[in-house]
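In this document, chain identifiers A, B, C and D correspond to the written order of the chains, with residue numbering beginning at 1 in each.
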Amino acid sequence: MRLNNVEIEETFAEAFSMKCARVLITALNKRWVKVAAAEATGFGTSIIGCPSEAGIEKYLDPEETPDGRFGAYIQIYHGKTEKLEEQILDRIGQCVLTAPTTAVFNGLPDAEKQSNIGFKLKFFGDGFDEKKEIGGRTVYSVPMMEGDFIIEENIGIVDGVAGGNFFIMAKDQMSALNAAEVAVDVISDVEGCITPFPGGIVASGSKVGSNKYKFLKASTNEKFCPTLKDKVKDSQVPDGINGIYEIVINGMNVDSIKEAMRKGITAATKVPGVVKISAGNYGGKLGKYKIDLKDLF
Amino acid sequence: MRLNNVEIEETFAEAFSMKCARVLITALNKRWVKVAAAEATGFGTSIIGCPSEAGIEKYLDPEETPDGRFGAYIQIYHGKTEKLEEQILDRIGQCVLTAPTTAVFNGLPDAEKQSNIGFKLKFFGDGFDEKKEIGGRTVYSVPMMEGDFIIEENIGIVDGVAGGNFFIMAKDQMSALNAAEVAVDVISDVEGCITPFPGGIVASGSKVGSNKYKFLKASTNEKFCPTLKDKVKDSQVPDGINGIYEIVINGMNVDSIKEAMRKGITAATKVPGVVKISAGNYGGKLGKYKIDLKDLF
Amino acid sequence: MRLNNVEIEETFAEAFSMKCARVLITALNKRWVKVAAAEATGFGTSIIGCPSEAGIEKYLDPEETPDGRFGAYIQIYHGKTEKLEEQILDRIGQCVLTAPTTAVFNGLPDAEKQSNIGFKLKFFGDGFDEKKEIGGRTVYSVPMMEGDFIIEENIGIVDGVAGGNFFIMAKDQMSALNAAEVAVDVISDVEGCITPFPGGIVASGSKVGSNKYKFLKASTNEKFCPTLKDKVKDSQVPDGINGIYEIVINGMNVDSIKEAMRKGITAATKVPGVVKISAGNYGGKLGKYKIDLKDLF
Amino acid sequence: MRLNNVEIEETFAEAFSMKCARVLITALNKRWVKVAAAEATGFGTSIIGCPSEAGIEKYLDPEETPDGRFGAYIQIYHGKTEKLEEQILDRIGQCVLTAPTTAVFNGLPDAEKQSNIGFKLKFFGDGFDEKKEIGGRTVYSVPMMEGDFIIEENIGIVDGVAGGNFFIMAKDQMSALNAAEVAVDVISDVEGCITPFPGGIVASGSKVGSNKYKFLKASTNEKFCPTLKDKVKDSQVPDGINGIYEIVINGMNVDSIKEAMRKGITAATKVPGVVKISAGNYGGKLGKYKIDLKDLF
């Protein structure tokens, strides 16, 4: 199949189950929403070496938030609910409560599983906190040096999906990079999902484990390395391809990942120099979800 | 003492010893340096709840870096060397190696203590890595999907200083916030130090422990909370003050922190609405370093 | 009337008729859309001293543009159609055609008045241009050093409205400024209008003419200057107000200006330190449009 | 000659004389300096269709400015001193005086030619202005709605140089664009010069006049258009080149332009996909200055 003159490989992306929390951060203006959200979701690319996976889902206009200020949804992922709850507590407590002018609301008020993060964080007020209601939500108001910090009692957690992905292959590294940037820009407006890697892009697509070192959880995907094309057997780097980037997408559900893949791939194929789109999988053996590229269009 | 018509309180900031690693990240352009550095130093405000403290020290021009590209120094802090080494490995491996077009060099090549992070990370290449020299430095070249990733063999670690600080007190929250922003902007050009909190600012200056809850490591500094002025004994919020922000500074040495405090305070006192500058300490009982505000000028 | 505890003065904004052109710019990514749009609308705050008034209306997602790339609407205003056409030609020809990866489409394809700017600009191709169709629109493809530049044949012009406005009065300058920034951020998403001043904000609200100098077209609005409160008769600066900013809004129609005023004022009243909202008028003698603040809510 | 494995053509850039004014803008913080400077220098790419050429030279730290705040030098160019003075008056009066928190100082206090722009702009104060001294400079303080605006009495003008340039030729458009961005980033720190085009880059390098249309002042440089390689005689597009960008540099003197060219070309040659660097000239017949590429290194 071809899209905008770019080959879409007949393959599928393989994705996994992970627990997902969604937090709504508001602040004085867009800039401070962004600063707090970036700090809270930093060091959160892959569970292989980060304490959790995390990212900014989307920005919200004042008319979409409980306190009528600018906001953003962030998402935090972990395999285990308990560990995820620790991560929410630490990331919100250290990176949002501490940030100028922020407030924190539940991003999944209708989820079955609710974690009382706000209740736990209000103890920071050392007894001076007050229970209130804002926009129909139960919140705590915690006195601080800047003024009062507002945090909702609960944060919802759902069964999410991690590891949705596609590969962008281009004539050269710069074309691949620009296409990857455009794909991430487009995905940033899709509701329900995040691209947890730096700037949304993975430069170092990996395989599970290692051929040579038993102690490694993951290592370079040598069959997709342009500079190894002539050094490895069965290289999957087509002739004329000199740069490949992977976009990894986590989502609250598989539909949001599909929508992100569809929009991201479409945008990438419009960038000059892009030759082929592929995706990463493990033969369907590891992940719960298989997303066929051709089914997206 | 008064500076630009603002009162500088006769007090001191109390700071602590922490181990400090400094990493030099380069990339295609300023934007990608920033993206990688932000991801690698995220979730790194305070060791109380973050796996380490971290921040961007300063940006470098191409003529200042080993590979002639734009760069930045980031710093990572932990109380224990071993834990710090784990953090460098994870933050670089997950957030810089994965980021488009980056390379990693030693930010402290002359430090006595050198940690072989680069040697460890090259295993990601699954045997396809190569040892090279760039700008007189021993590096590994690791094949990846985007091309080759360069990382220097060692990263240096020194005895650093954490918790340098000052308070900005203003007539209202917005004046305090704008002054804090200006202070952080000025400090961002000071060599050797970082402001690890979100956007460099602490909205929630805290005290050690809690008056009410034994299980808390830190709680709100109620004597500096404007909205508690009439509710607590011995409030230290002067009349007419409605917003206070703290700037926390970590540095490779105490001199860089002093320089940051001097420049940051000077800039803050020029912002309309700022009334007083103070600093946080524990009576000199906890920290190794005491920095008198009046000695800065 | 009060909104979020802030006084809304019983007054009206007075606005004027101006011719308005709307241009749709697309580019490789959001960043280049922004760069081209900013250059093309710069030096365009007020017709008093600028060759036209101009601003960025709103950004568009790839699914909203004729070529499936990111885009933005910009608007250009002048009192006379002929002069406006010169301005479109110069601003597009010098600031968008010259910008990397851009294309230009008609932002008002259904307007009665159409100006053949694209036809005129294609001569830059020195005979090598080609007529094509993209997304149902007649365009010219002009060979350039970067590749080919696409521009639609016509740009539409309508009867627009200039000078919609409101004043934000706060306890101090920093609160007023932060409120003005938030108001502009909110207005930036409103369809059909622009805020042509720097960052969307006017620091120097003016009156028509001058009391003292006959040669001046406009001079400081002394009755609204906080530092002249005790020096002029009939000062309209309320007690306790130390900073005032004006937001000026131009739009393709009066309804988009009203929507912008409603959203901007609402957001501004949520910023700490804001005391009162007012608006500027000339007693209803000069402008075609009167917008009562109380009618907005 | 080759630099970082990229061919540097044996040719020269041809540059012209223009009058140059340099204005120092300060503001509350870096962000507002940037906003005011961008508005004041917008619609200022080329004198062919813009009222003047203009750009941001460099940003200044608080310790480098007369009022101890962040600042920037902007430059404005015109062939005639009289027209340049009108442009300074209009660009400062409409785009800087109107911008929040700004002040304006003379960027060339030692120039022989001084234009009393500040004296003229103070009339906006309608008689309420006051003469003062700040940092040893004679300024006027003009009451406005936000507070008081400070402007220095004079702005200096010197004989400047316009049209310094080089071409970046790459395998494809995206590589050329990324190299051009890096070059502009590097040049942005060079003292004394500006890159007046959008984002500093020219996508549409032109020749003087036209082969086909007598009424055109400039038209596409068809010999450097990749898509016309097989359609024009004597194409100067080498085989394998699919994207070319031009960087145009104006400066207060020819040395700053040379420094910018040296640094910009060096940085560009490090970007993957760049094949050749060239420059634009008119056989040496039109411009006063000839800058040989090989002499830069």
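Here, a contact is a pair of C-beta atoms (placed from the backbone, for glycine too) under 8 Å apart; a residue touches a chain by one contact, two chains touch by 3 or more.
In this text the structure is predicted, and so the values were computed from the model without any measurement.
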Inset, instruction - Determine which of the two chain pairs, A-B or B-D, is joined by the larger number of C-beta pairs in contact. - result: A-B
Inset, instruction - Specify the chain most distant from chain D by Cα centroid. - result: A
Inset, instruction - Would you mind pulling out the distance in Å between where the CA atoms of chain A average out and where those of chain D do? - result: 39
Inset, instruction - Just give me the whole-number Å value for how far the CA centre of chain B lies from that of chain D. - result: 35
Inset, instruction - Please report how many Å separate the Cα centroid of chain A from that of chain B, as a whole number. - result: 25
Inset, instruction - Send over the residues of chain B in touch with two or more other chains. - result: 28, 147, 173, 177-178, 242-243, 271-272
Inset, instruction - Quick one: which bits of chain A touch chain C in the complex? Just the residue numbers, please. - result: 28-30, 61-63, 67-70, 147, 178, 181-182, 185-186, 189, 263, 266-267, 270-272
Inset, instruction - Give every residue of chain C touching chain D within the complex, in rising order. - result: 28, 32, 35-36, 38-46, 48-51, 54, 89-91, 93-102, 123-128, 142-149, 167, 173, 176-177, 180, 197-199, 201-206, 210-213, 216, 218-222, 224-228, 231-232, 242-246
Inset, instruction - Flag every residue of chain A that touches chain D in the complex, lowest number first. - result: 170-175, 177-178, 242-243, 271-273
